[in-house]
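Common to both upcoming complexes is chain A, partnered first by chain B, then by chain C.
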Partner chain A sequence: MIELLMTVFSATFFVTVIRTTTPLLFATLGGLISDLSGALNVALEGMMLISALTAVIISVYAPWYVAVLSGICAGAMLGALMAFFHLRLKADIILVGFAVNILATGGTVFALSQATGGDKGTSINLQSKAVPAVNLSFLDAIPVVGPTLRSLLSDHSILSWLALFMVFAVWYFLYRTPYGLWLRGVGEYPAAPEAAGINVTKVRAWSLVASGALAGIGGAQLAMFNYIGFTRDMTAGRGFIALGAVLLGARHPVGAMLAALLFGIFEALAVVMPNLFNWIPGEMIQTIPFVVTVLALILFSYRAQRARQMRTLTKI
Partner chain B sequence: MSQNSPSRWAMIGRETGRAVTAVVIALLVALVVILLTSADPGAAFQTLLTAPLSSNRTMGLWIDDVAKLTLTGLAFSLVFQARQFSMGVQGQVYMGGLFAALIAMSPIGATPLAIPVAMVAAMLAGAVYGFIPGYAKARFGASEIVSSLMLNYIAILIVNYLIRAHLAPQGTGQLATAKFPDTAIYPAILPGTRFDLGILVALVATFVVWFLLYRTNWGLKLRLVGHNPKFAEYSGIRSSFIMVSAMTVAGAFGGLLGSVFVQGRAFGNLAQNFDGNLAFEGILIAIVARSRPLAVPFVALAYGYLRQGAQLMGIRTDVPTEMISVVQAIIILLVASSFSLPGKKFFANLLGRKTTPAATPEAAK
Partner chain C sequence: MAPLLEAISIGKTYPGGTVANDGVNLSIEAGEVHAVVGENGAGKSTLMKILFGIEQPDRGELRLDGKPVSFANPREAIDNGIGMVFQHFSLVPSFSVYENVVLGSEPRTGIKFDRQKAIEEVRALSEKFRLAVDPLPPVGQLPVGQQQRVEILKALYRNARILILDEPTAVLAPQEVEELFVAVRALVAQGRTVIFIAHKLPEVLAISDRITVMRAGKTVGSVNAKEVTEQSLATMMVGREIALRVDRAKGRGDLACEVKALKLTAESGAPIAEDLNLKVHQGEILGLVGVEGNGQAELLEAIAGLRAIADGVVYLNGEKLNPLSTLERRELGLASIPEDRIARGLATGATIAENLVATRLADKRYVRNGLLDLKAIKAQALKLIERYSIRAGGPGYPVGTLSGGNMQKVVVARELSEQPKLLLVNQPTRGVDLGATQFIWKSLTEARDGGAAVLLSSADLSELLALSDRLVVFYRGKIVAAFVNSDDLTAETLGTYMLGLSRQDPETMRAALQ
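Right after this comes the complex of A and B.
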């Protein structure tokens, strides 16, 4: 137990948490945007998976930033595809989302075997690149706290910093710009923005595209920093956990960040625990993020329900 | 019922037409993909379309898949009819498979009771596993999509662990249990093929689901809740009870599929990751069948053929089986949406006929 506490409060654990949180956070922000616009995006999982593979394959031939951009584009295009079928052809958004997920599970294996020449498991024989880590070793110069700061803040993926910025950017967009107001209005009560002359369909379509793009960065981080290279089904439910994090984060960017951080911590625990407790079977440790998601979701929904009931009671 | 049968047949015809169009479009896309990637596209496409009929053995594989696809399609149809998007069939399959295997490996497994007891145990396990997200939604308002998906992962990991650490023969490093005793494995209907009790189970289940949905009070309420939850609530139906019971009953069918998997002649044991993602393909079956239980076996028959063709294409040619996911996604997208052929109006104008706006098939939802 002491060992576990020592590990949890070490700087390396913090770095692991940031690493596991980053893809989740991007996906959660993506889920948040589409959820606020009134379209539950269950395809985050598939979008991340396809973007991860796209980024890995492109990174073989191009610099890392081109690869990340192509991952973003892949996600955005899937978002556009969903928007087309959901908004133009009136298909149910959840069914469209699962179509994307099904396309992703099989399609990535198919594309992977085409790209690697027959390997259906990993991209191990592709020379894919990584997203660079940000080196902040100059922090050492600060007296007293310098080395601690450096061990906490240095060597994170550039995308982790971008994720932090995106939390602010999404918050600013949603609550400080007219477009954000439109988006929230469209999700809350579509008739009102419609009457105000806002094109509801267009707002929803763009939010799905943005949602896909954000999930796409998450996928790129997963395959170009957390792991270098692609393995089949490497997202392993992260997109669905992100969907839970959207609900858990009270549909607010900061809440989303905290929820993603919570799941990131438990995922990091699942990473370090096999070394500390080798008597616990690995499969049981792997269930931790999923069990925590279910429990957190139930607990949070229960509290939200109670809060709603209290509000209606006071109204009467 | 008799007075609306013309419109019923018209609807069936229209739905079939849409499904066939979707499949044709999806196959055309598949053809393009094969042309782009295969060294011998002709052989690959031909294998995809004709290989399931090539021998008794492959026909058996096809029918075996049809039985399983029917059951997963039924489980999804039940929850879709109640407008619940519980995606937990995969987890239920694993739990059902686990409990069926436990019964089959226990002393009961060697007696003639093995098959019925294991089936009941599997259904109970699946029902419990379907009940959890239903209860969490009805009681706490927790999204059933997220919780059921999480439970899928949990179930797979638990079953994988139990197989690896406890159920597999010790010291062999196998990731599967030993074969069950013969009394616990479904008898073959046609000797030498996989044509076994599973297909009968699937047909009986189809009838049971149809009866539950269209001939019982509960089914009427369930469909009402699915069509219009507010109206159902106003007319005094306890929609949360219906919701939970729909997911629980669907869970029982998911669990039964677990038994069909592990006790069927294809396996006869419990192996890691045995479902091969088949459970999720029930979404496609349910959507194409418009969640109508009586349509499910027919859709499963057609889709199972395509699925088996893809498997054989993966084995016999250079195009991987996974290519079929493109076809799956396109079929779901097209059938779920209200698409119409762009050229239809054009051709009608060309022939000098007036087009009547096609009635939207939303009623089936």
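Right after this comes the complex of A and C.
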């Protein structure tokens, strides 16, 4: 137990948490945008998976940033594909989302074996690149707190810093720009923006594209920093955890960040615990993030219900 | 000088073959309040949709300031200074008033939404046009009357010169209607023009300068409001003399239904109604008066078995209703015409015949050995369509394809096809045209004369005054006044009790409650 606490309160654990949170946070922000526009994106999982593979394969031939960009494009294109089926051909969004997920599980394995020349499990024999970490060793120069600061803030993926910035950017977009107002209006009561002359379909389509792009960065981070290289089904439910995090974060960007952090912490625990408790089966430990997701959602909906009751009672 | 807005021999046929407009002419002068009246299905809504660019006419021409125009979509109509307030508001509930007003045309600095400027502009508009609304609270928390003002502000913010109001009074309490009329007059005083779609003739006569009457897709004529009476307008609308009068009950029979110390609560536990005591006798109509949301609708739901009773008892002919299911209550002779015919009264996707027997699936005449007797069901449907003059293609047509008035007739036909002992009626003629209203009123009084005890709730006070033998007024979940109906009783008297402005002394109330 003491060992566990020592591990949890170490700088290395903090760095692990940031690493596990980053892909989740991108996916959560993506889920948030499409959810607020009224189109529930259940395909985050598949989008991440396809983007991860795209980024890995491109990184063999091109610099890391081109690979990340290609991951973003892959996600955005899947978002556009969903928009086409859902908004133009009027297919049910949940079914379209699951179609993308199924396409992703099968399609990535197929594409992987084509790219690696037959390996259907991992991209281990591809020379894929990593996203660089940001080195902040100059922080050492600050007296007293310098070394601690450096051990906490240095060596994160450049995309982790981008994720933090995106929380702010998404918040600014949603609550400070007219387009954010449109998007939220479209999600809550489409008849209103429609009557105001706003093209509801267009707003939804763009939010699906943005949602895909964000999930795409998450996928790239996963396969080019958290792990170097692609493994089949490597997203392991992160896309669905992200959907839970959207709700748990009360459909707000900052809430989304906190919820993603919570799940990130438990994922990091699942990473460090097998070394400390070798008598617990590894599979049990790996279920922790999912169990926490379910518990958190139950708690959240219970509290939301209570809050609603309190409100109606005080009104009368 | 050319009229501000003109529609010349407009024709519109919908893909299904329905001729909605057939040579309609409308001419609106600048600065007037112009009412367009007509029964449901007369083509008013279609004409307004054409004026606002939602629908395109097949024939005819629109002229604005004497110049021909055509609007491909609402945006173009808005850009030409036409605004429309629909019966169902298009407001985002969680957005604040000012956000709703500026949505789609927000003031900006760079890419930033300039909230301060938006708030100021909305304040200025609401002062200029005497539409008092606080710009800051979320729209969902405002009463309906204020939401309507937000809608009007929305149109004015987009510089509407011509404002189309689609049945604006349908959702308002009498006092709110007065406030709306004050605002309409302020609009006209500032040079705007208002087109006012309506059903209720007294209101039309009170507010408008000119009136265009439509019937069956054609314009019957335009008249000055000062030169017509309610009766002559009604005749123009329907094309025949109609009498919106009903005979009162000749005398009442034994006690049929009694409500004792009834208490109702919302799911959250908040009280909706308390200490309700009522008696309804055979052969009388008891009117439940009140602004919507004061417990009348919930009382009817509770008696029908659609809502749990927190405390108290309901008796029907001496039998306790509380423990019985909805179906068991119906077997005792309870019938119910619910408020929302689409959500609760009918299955819109099912056929007329199916809807007409939907409450009688335990009846041997229509169901034998667990199988539907389609022949009997069809015969019954044909009989009821004939008796209630439901205008429809046939018993096999989905109910959803009928007009509002005919849908309501299907509900009425089903509930009254067998003489009920207790009849619950909520908003029987909401959104229903004059002809159908007359018919439904007659059906209700026939059920009453057949010995039914009737509980009637309606937002339309004139309907309550026309039909009820006794009236009770609800305010905040309590009965605050009771009256025996007479010609001296006016909507204004009821209004003061409805808004909680005056209270009746317990003695008078007790006497009228017996």
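Everything below uses one rule, namely that the second predicted complex is superposed on the first by the 312 of 316 C-alpha atoms of A that agree within 3 Å, B and C clash if a C-alpha of one lies under 4 Å from a C-alpha of the other, contacts with A are read in each partner's own complex, and residues count from 1 in each chain.
Note that in this section a contact is a pair of C-beta atoms (placed from the backbone, for glycine too) under 8 Å apart; a residue touches a chain by one contact, two chains touch by 3 or more.
In this text the structure is predicted, and so the values were computed from the model without any measurement.
Once both complexes are superposed via chain A, do chain B and chain C end up clashing or fitting?
In the superposition, chain B and chain C stay clear of each other.
Can A:T177 be said to touch chain B (first), chain C (second), both, or neither?
Second partner only.
Is A:K202 in contact with chain B, with chain C, with both, or with neither (first, second, both, neither)?
The answer is neither, since A:K202 touches no partner chain.
Touch check for A:P281: first (chain B), second (chain C), both, or neither?
first
Using C-alpha centres only, what angle sits at chain A with arms pointing to chain B and chain C? Round to the nearest 10 degrees.
70
With the two structures laid over each other on chain A, which partner does A:G237 touch: chain B (first), chain C (second), both, or neither?
The answer is first: A:G237 touches chain B but not chain C.
Quick check on the superposed pair: does A:G185 touch chain B, chain C, both, or neither? Answer first, second, both or neither.
second
What's your read, chain B or chain C touching more residues of chain A?
Chain A has more residues touched by B than by the other partner.
Using the superposition on chain A described above, determine whether A:V291 touches chain B (first), chain C (second), both, or neither.
So A:V291 only meets chain B here.
Of the two partner chains, chain B (first) and chain C (second), which one does A:P193 touch, if any: first, second, both, or neither?
second
For the superposed model, what is the least distance in angstrom between any CA atom of chain B and any CA atom of chain C?
Minimum over all C-alpha pairs: 5 Å.
Which parts of chain A are touched by chain B and by chain C alike?
After superposing on chain A, no chain A residue contacts both chain B and chain C.
Please name which positions on chain A make contact with chain C in the complex.
Touching chain C: residues 176-182, 184-185, 188-189, 191-198, 308-309, 312-313, 315-316 of chain A.
For chain A, which residues count as touching chain B in their complex?
40, 42, 85, 89-92, 94-96, 98-100, 102-103, 105-107, 109-110, 113-114, 120, 236-237, 240-241, 243-244, 247, 281-284, 286-287, 290-291, 293-294, 297-298, 300-302, 304-305
What does chain B use to touch chain A in their complex?
Residues 37, 85, 87, 136, 139-143, 145-147, 149-151, 153-154, 157-158, 160-161, 164-165, 277, 280-281, 283-284, 287, 320, 322-326, 328-330, 332-333, 336-339 of chain B touch chain A in their complex.
Okay, in this complex, where on chain C does chain A touch?
On the chain C side, the touching residues are 73-75, 78, 86, 88, 90-95, 99-100, 103-106, 108, 111-113, 154, 266, 268-271.
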